[in-house]
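For reference, the structures are reproduced in the following blocks.
Here subunit A shows up in two complexes: once beside subunit B, once beside subunit C.
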Partner chain A sequence: MKRISVKKGSYYDSVFLMLATRGLKGLPGVSDAIVAMATPMNLDMLGDMGFAAADLEGLGPNDLVAAVDARDEATAAAAIAEAFDSLTRKKTEAAGSGASKVGSFRAALALEPAANVAVVSVPGAFAAREARKALEAGLHAMVFSDNVSLEDEIALKRLATSKGLLLMGPDCGTAILNGKPLCFANVVRRGPIGVVAASGTGLQETTCLIDRYGSGVSQAIGTGGRDMKNAAVGGMTSLLAIEALAADPATKVILVVSKPPAAEVAAKVVAALRASGKPSVAHFLGAEPGADEARLAYASDLEEAALLATLFAEGAADATSAKGRLREDSGNDRYNRPSKIAIETLAAAEARRLAPEQRYLRGLYTGGTLADEALFIAHAMLGGVRSNNQTDPAWTMADPLRSEGHVVIDLGDDFFTAGKPHPMIDPAARAERLAAEGRDPGTAVVLVDVVLGYGSHADPAGACVGAIRAARAAAAARGGYLPVIASVTGTPGDPQGYGAQVAALEAEGVVVMPSNYRAALVAVEIARLASKGAAL
Partner chain B sequence: MNVQPILDLFGAELVAVNLGLESFAANLASEGARAVHVDWRPPAGGDGKAIAALDAIAAGTTVDVEKANAEAVRRILAAEPTVVGIGVAKDVVPGMARDLILHAGPPVTWERMCGPLRGAVIGGLIYEGLAKDAAEAEAMAASGKVRFEPCHHHDSVGPMAGVMTASMPVWIVENKAFGNRAYCTLNEGLGKVLRYGAYSAEVIDRLRWMRDELAPILSEALALHGPVDMRSLIAQVLQMGDEGHNRNRAGTSIVIRELAPHIVTLDYPKEKLAKALAFLNSNDHFFLNLTMPSAKCSVDAAAGIEGSTIITTMARNGTEFGIKLSGLPGRWFTGPAGVIDGLYLPGYGPADASRDIGDSVITETSGIGGFAMAAAPAIVKFVGGSPKDAVDVTMRMYEITDAESESYRIPVLDFRGTPTGIDVRKVVETGILPAINTGIAHKDPGVGMVGAGLVKPPENAFRDALVAFAEKYAI
Partner chain C sequence: MRVSTIGFLVPPPPWTARVIGATAKAVTLLHGDGAAVSVVGLPDNMDARAFVVEEGFDEFSRTAGLALRADGGFARASYDREGLGIAGGAATSAVAAEAIVAGAFPWDPRPALLEASARLRARPPAARGAAGDDNDPERASAPSGLSDAARILADELASARGPVRSPDGIHGAGPFGDAFRRLRAGPGFPADLVGFGPGSTPAGDDWIAGYLTGRDLLEGGPRSSEPELRSALEAALPRTTPAGRALLAGAIAGAPPAYLVELAIAAAAAKADERRLREAARAALGHGASSGEDAMAGFLDATGYRGQRPDAL
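Up next is the complex of A and B:
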């Protein structure tokens, strides 16, 4: 049925009328509608559409007409009311809210002429281009993106070096500049220690421990994993960063963390540390520590690296005196080192309740460097551990989805993250794997990392306690007991809060160790006790 | 090694530009650092050939592109479009002939013409007396006895179908700074009109009245008034709520104000003068046909500069959208004409719409129209609804242009000049396409305007132009 209603002498712009018309046409039970000014053209059209000429008589262009063809009287009346209403309704939405995002790098610089660093996390194929633009505009660049070619990395680092700019990355997940956490990084106290790291969670673990030991970080510069490892890249970023930290008055100590560098790069890095004139600590994961020099101490694990740097920061005169102040666990000494006996006691207490078929270590990691650290310790002490991070083909996992014997799995590896978020962002994949290991009667101990900070999941402990509970319940149902050993990489200042995360894990019976190194030691010791005599 | 820039960074407040994951910018902001987030998209939509062209041009060219563009932009900004008179197309439009029909957009054959353009061609042939009815006109159009060429090839522009025939009256607009001229027909009003493909008797009758009565009246009034400084008028209308393309209410009012005192003094019967004035008053878009040739002669002055990546033409014929670059004169780069995202007049919907058509996008090419969207709060509903959406549209256009107009200013942006001089490199690099306001024609000839909205030009036209530019100029 067709109904017409008129408001004389109320003019609306045609655009508003078109919108009102569109709104009416979308109402249920309305087959056609027109909201328009009564211009001769519109009156003709209303006539053509079959609206009664009598209703339209005497109307002019300043009269508002709402014409509705609806299934019944009530629908028509409601639609007409809505039409008039929609035109007079107060706009509740504020005109404009929030900051406008810009559409291009150029526009960003126009908006912030003082911009001094570009953070690039675009797909790898385009990352080099964006980083180059940033360098050419005189900005330092952090390239979070991976899948950047080696050639591009070298070209970018040459350009950066020639301009004296930092090119962090590619595949650089973390940095702390001027106290501000970039990408995946923790809220760490500012202080005298400058960090140069070619490994993401290695940087996070050492900076968090430095914070916990009461010292702080001046700058933490990520270099990307290839910087020192690949001779062709030649440590360009690391060397520039070390030189800058050497010249930086706020930096008193320099800490370098990396997987073992290429030999000639290692020599250059060590030379640069010597030349810095500042006490330095170097930790090359998985490599035998080098021979200490007066002002250069080699650390054998991430915890020791953070401790030595802190000791230097607090005035240790040389490597010998710094190492001399490291003590075995004495309960309340800040600079303690884990005592063999304490680790063994803790492990034995957990291992006592294992069922005979429980034999294997299952390390489930979200952080790559943390996984490596655990792997090196476990591989040496357990006589062989399979891992998707193993370089020795004899110990690489045939199927990373299936655990066999002792394993340490890096769930952040490309194998697991293709098309999925990294487990530090979304720990669901780790929780699933944890539950699966719980169903395996051979699992003797589960070792996990929980990485906090910006970039990470809002509640990584919470995201795995359900799976931990299920795994432990499954073991108990089989008449056994499943120890879960964890460490939390984080600080009280992190958005997730270190204390709350530890408490959530401990509430589930998880043994939370103060560092990844110690967590690995305890878990490996449990596995060693469990697997005595077992075939690998 | 020089580490001073790094020490400068250590000593300064951290100010980050974030490209990629937006949360990284938010995290920095929550730690008290300044961060600008770039809504990043792959350059050239990830098109490898276009990216290679961008990189090749950046690496080096035979001609200094920045210098060439500076000159192109200087010329656009220096233009002084001035209405100098009304003439008959065949007398004033270069190359105009009785067997020639000009149309909007890039070249198109009769076979590939869209409905509204075919309708306008039919109407044009009937109007010229070359055909007595539609059937005869269609046969003639298909026979090859008449030629079709773009208005743009004859220093002209035409809204929608843009059909211009030999005996039509045309505005003559001269760019006083450079001496070049541009031409455009007189606007016929809304409803059933030739430019939307209508060719019924009322359409032809109106065109004849415009030729025989309206044009002489306006021409004489104009002679009494003297040349009309269009740069000044456009500057004014942008401050009165017009953007120079889709809203012409202020412009039309101003033209009436300028001409009316002279029209009423003319030696014609009162009824004829009244009819002429009533016609202007009934047609909000009358001013558009003055803005268009003004824009045309302004950007034409910047055409043909060796090494310039500035876009000097954008135009559509309902089948294809085409652009031209200053540094590649004579070459069209085309893609399929877009579907318009718009609002519809009562009684019509998207199913009725023709594809994007008309030379009126010359206004955007010159830096007004969609580029000046922020100046026209009354029509913000076309671009999302709120005044902020309109401001955002204009702000985005600054990212693909090289300059800001010194004459055309936008009150709400603190009288900032409109974004002017579209650089095809920036369009391809950022993926930000020119914002184009436009009317929507009915897809069938003869129905007329059914709505208005915003249209997205085809990205490939810009990429192809850039690739061709790199082929010619990259070292």
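Up next is the complex of A and C:
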């Protein structure tokens, strides 16, 4: 059923038109859709596509046309109504949402003179200047922007430290301050655990798991990826954040998450945790956990980091006692974590359904830290995994657009996002890659993350189920079967709703695990069995 | 509020125009000649006919948006010797913007483009990477003097398009992509692209703007190339949207948008400064929904590049 509707004399930003087209194409029962200006060339094309000539008469370049090919009249009408509604919503939001718009930092501060945190999200070349203005005015600064030079970062952090202010970032995508989520962050309950994280989705995963385990977060402070990793930056923000959490009476436990820090920075961070006098947990992704101390436990993955912090908050006396409570039996434990035996059983059942040529893991991630966690696990267990995040040149993907062997891809990497929205905002690129992996006969299992919260796509699970369906159908047509393993980073309080997102994935036959760590274990085990032929 | 004209193509005062759009980056006015005039906050967002509100663009945009809503889409802007303002009638008079034209912003990209073209053409053929330099098939496939730049741009374009190209645009696998490939093979290409494709500035217009910019760069500077195509485009302007008309009018006059000007200048200097070209390409790719990508594809086509270009697939 082809149907056309027109808005005479309408002007919309191209981005809105593109999003409206994409939104229509994602609706159930819609096979094709175009939202475009009614220029003669576009009308000719619509005529060639079989849309009724009578519907196209009398239109001109100032008119907007929505053309939909749907399974029936009702679906087409509903789709067109949704297209125009979404355009009106976006135009209204853009024209004036009621929030005050200002043109400078000074004007913003005049409107909110009591503000004590500034979020800086401007092109990188200007970010340092704006952050400096905030610091000089006595505000903490969260720098969302990337492409800030190392020299600027060091200078800003020195200035911040001298003033006792936090300079979060650059490239800091998430924080929760006094219960207020900033940028990409989740709705987690408030509680006794303070988090310092040099990784965005690492912070999101641990705070969401803490919420799921029944505890809560006092503050979650992002530091920017270079803070601990780069010796010259020296962990200035991390150290100040730990000091602030140590002084915060609402914080009973401190959790630090980072990619492997520079050795001298790690030593300073550990010393600061000891000096805090509070039970602490440290997790350095990809690094061997250190030797536990009485009040300082090292976690080997993000899930364990969240759980150890929760156990400390519940009163575990020391690291030994907390880790003692982590032991798993054969079923799910009280934190709903499937045991390793249960994971192996599940993986074996999935692997038995694979065709012989299906051998490889394909991890498609929107969150960088989650990708790294999966990569570390997979690389160790599968004997080599290629990735655009690999630090070992021997395993760096030669062409990130093409999968070869086992791969874990961070689709939020600059390579994929130049000139495009981040896949946590617009998961279309991931959906396309997912469908492509489904067409590869070598794909044995697909592993994905679904990240909820403020800033993320309104329905990230819904945005990839179509591709999952297509990928599984392609495998089935070849006589195979394609397991898709996922984790959902989110909480019931998130705008997208954790339960609804899990249900949408499970309805497509996706195996949803309670953490990225467990999801990676399942997927890697399936790939391991497939690679060695156990699936046969 | 400080307002300046930024292009030599802005019609002289006085005139009034309907406000047809107000977004975070630009307020769009429909001038009586059928082409849009933009009001932008940053010169980087400029089209060929535009004002820049150097301070307080957000306030101006908000005022325009409120006037648009209050007047059901009939708000008007006026430009006279007193300045630029929003005149929305009784419903919006309370929020009318006051503006002062504080001296014209002397933006005219033609001298810079002329100089870039002269520099490019002054280089010896070998330094320009002309055909026959070596046996590299891709180099030989860009016989224009811009082979190094072309390969860099093709690389950036391919990277930006991600794992699979968007199916919705003129370079995708959807209806617009299919129609683009048909048009490309036809005798009226590229003039037939006027008004073709998705977007309030149709993607075909962006492609043409990029193409003309590239051809001018190679042929001696603004307005130096494609006289017949230029005539055809001028005749076809009524077939596109107000935003498309403004873009094409600028490109025909040798004044493409600022991001394309920088792309052209950087392409001419690519041999010495690859980083500048990559930065210009990435800035272009961030322009609009797909405008920068489409314009870059047109620019690349103008260089004669026939390597691994997505259009050629």
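We adopt the following convention: the second predicted complex is superposed on the first by the 424 of 536 C-alpha atoms of A that agree within 3 Å, B and C clash if a C-alpha of one lies under 4 Å from a C-alpha of the other, contacts with A are read in each partner's own complex, and residues count from 1 in each chain.
Operating definition for what follows: contacts are C-beta pairs under 8 Å (C-beta built on N, C-alpha and C of every residue); 3 or more make two chains touch, one makes a residue touch a chain.
These numbers were taken from a predicted model, which means no experiment stands behind them.
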Touched partner set for A:T21, first subunit B, second subunit C, both or neither: both
Partner chain in contact with A:N62 - subunit B first, subunit C second, else both or neither: second
First (subunit B), second (subunit C), both or neither touched by A:G9: second
Touched partner set for A:A429, first subunit B, second subunit C, both or neither: second
Touching partner for A:M49 - first (subunit B), second (subunit C), both, neither: both
First (subunit B), second (subunit C), both or neither touched by A:F416: second
Chain touching more of subunit A, residue-wise (subunit B, subunit C): B
Partner chain(s) touched by A:A36 [first = subunit B, second = subunit C, both, neither]: both
Touched partner set for A:L401, first subunit B, second subunit C, both or neither: second
Residues of subunit A at both interfaces, subunit B in one complex, subunit C in the other: 13-15, 17-18, 21-22, 34-36, 41-42, 45, 49, 95-96, 101-104
In the complex, subunit B residues that touch subunit A: 1-10, 12-21, 23-25, 27-28, 30-43, 46, 51, 55, 190-191, 343-347, 378-379, 381-382, 386-388, 391-392, 395-396, 398-399, 426, 429-430, 432, 451
Subunit A-touching residues of subunit C, taken from the complex the two chains share: 20-25, 28, 30, 41, 55-59, 61-62, 64-66, 68-69, 73, 156, 158-160, 162-164, 166, 168, 174-176, 179, 192-202, 204, 238-244, 282, 284-286, 288-293
For the subunit A and subunit B complex, residues of the former touching the latter: 13-19, 21-22, 34-36, 41-42, 45, 49, 91, 93, 95-97, 100-112, 114-123, 125-126, 129-130, 134, 138-140, 144-145, 161, 163-166, 177-183, 187, 218-219, 239-241, 243-244, 247-248, 250, 454-455, 495
Residues of subunit A touching subunit C in the complex: 9, 11-15, 17-18, 21-22, 25, 32, 34-37, 39-42, 45, 48-49, 61-62, 92, 94-96, 101-104, 400-401, 411, 415-416, 418-420, 428-429, 432-433, 435-436
